[in-house]
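Take a look at the structure set out below.
By letter and in written order, the chains are A, B, C and D; residue numbering begins at 1 in each of them.
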Amino acid sequence: MQPINEIKLEFLSKSSNEAFARVVAAAFVSQIDPTLEELADVKTAVSEAVTNAVIHGYENSQGLIRMHCKLFCDAVEIIISDDGVGIEDIELARQPLYTSKPDMDRSGMGFTVMESFMDIVEVTSKPGEGTTVYMFKTFKSLIK
Amino acid sequence: MQPINEIKLEFLSKSSNEAFARVVAAAFVSQIDPTLEELADVKTAVSEAVTNAVIHGYENSQGLIRMHCKLFCDAVEIIISDDGVGIEDIELARQPLYTSKPDMDRSGMGFTVMESFMDIVEVTSKPGEGTTVYMFKTFKSLIK
Amino acid sequence: MIAGVVGELDHHSADYIRQKLDAELVKASNKNIIFDLSKMSFMDSSGIGIIMGRYKNIQKLGGKASLVGLSDQSRRIFEMSGLLKIVPAYETIDEALKNM
Amino acid sequence: MIAGVVGELDHHSADYIRQKLDAELVKASNKNIIFDLSKMSFMDSSGIGIIMGRYKNIQKLGGKASLVGLSDQSRRIFEMSGLLKIVPAYETIDEALKNM
């Protein structure tokens, strides 16, 4: 399957870039005209993955976050990665309500939200090297 | 002068990405809250440079366009580059009303518009290798 | 107290919203709170932590919390986390007030 | 003929807008055209080519062209190119009609 469009974005791990990354993903995806709800799903999933890179990956220190998006006629692939601390136990991290930062009002629902709003969520990580979140969503409204 | 934020974007030379690049630049720059008119200036300049990469740089064939933005407390630096055909005579190209594609309803005013809407516009190019447009704008509304 | 959240609620805005809410809660005589989310344009899972954190604080003082004006998105997020079981959601502020 | 441009006018949308305009011009009995840009949300230098191209076509047929509803941005762009000297801009459609 050939993507009809593709972008790569690199940005600093600043919390103000959480909203920025959402806007970029939404602007990119709206080229194929999904419903507003589908667009909100993508924005939410991107927000979760980027926020995780900012607060967990880089623990609020400065680093680079990458977002790689491929657009298909009725679907989008989004890969968000950081070179931060990484995740020791991915299975544990993905469990609903698990968070390593409960003190910070984190709910531990980030991965669960991504899974619920996207069709596929895959996490790869190496402690000390970084984390990559692969997400894929088909827009039901666009399937012919 | 340290930038307060920085992004790098890479995208395909498709005409639909002209609007996309404008939205990204505007979303990035609005973090420092310039006036709507200043924001429109930046969008217009980005539109010109990206359009040039699409139609002149890659002559509507597929290639990669890069946009590198640095945000300061009252200014923005934007570098847009392509690996396209390049420009033989930059001085001639920058002249108002000069266009190599008059048949395509091009006006030859792209560089002039960039110069008028940004404070600094610098063009470097090598025939066969590509073109880089460096732009800088201080937002008068934000100067303290 | 009725607390309206306007705009986007994410990790970036959470700090500001948390401070505002806590400052208002300290001043408020009544320790019940209704979160009016009808003007909230975006929320991710950071919203759960904000609501949950405020709920825990007022609960200690015998206060109750409820939600009003949920979008489909935010309802789904709150539902997933089980939050709606302890902080109920209502259609209108009137309804929320009646059930306080 | 009054031609309203709605939305963004850039290189990407120019093809579509050009085709639409040319199709309407072929049908029109009257070869004068007023471009109403009051609903145009963005324009870059691609707008110059579009207006200039249409102007040249109708001029051959003895038609006149004018512009209405310019934003500060589009006015600056047209001014730079010298276009306003041959395609005048007016405040209102009425005024443009009077000067046709």
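Some notes on this structure:
Definition applied: contacts are C-beta pairs under 8 Å (C-beta built on N, C-alpha and C of every residue); 3 or more make two chains touch, one makes a residue touch a chain.
Computed from a predicted structure; not experimentally measured.
The fewest steps needed to get from subunit B to subunit C, moving only between touching chains, is 2. For subunit B, the chain whose average C-alpha position is most distant is C. Annotation: 43 Å between the Cα-based centres of subunit A and subunit D. The distance from the centre of subunit B to the centre of subunit D, each centre being the mean of the chain's C-alpha atoms, comes to 25 Å.
Rounded to whole angstrom units, the spacing between the C-alpha centres of subunit C and subunit D is 51. Across the assembly, subunit B contributes 16 as residues in contact with two or more other chains. Touching pairs of chains, sorted by label, consist of A-B, A-C, B-D. Residue ranges on subunit D touching subunit B, taken from their complex, read 8, 10-12, 14, 18, 42-46, 48-50, 52-53, 72-73, 76-77, 80-81.
On the side of subunit A, the complex with subunit C involves touching residues 15-16, 18-19, 22, 37, 40-41, 43-44, 47-48, 51, 54-55, 96-97, 104-107, 109-110, 112-113, 116.
Every residue of subunit A that touches subunit B in the complex is listed here, in rising order: 5-12, 14, 16-17, 20, 23-24, 27-28, 31.
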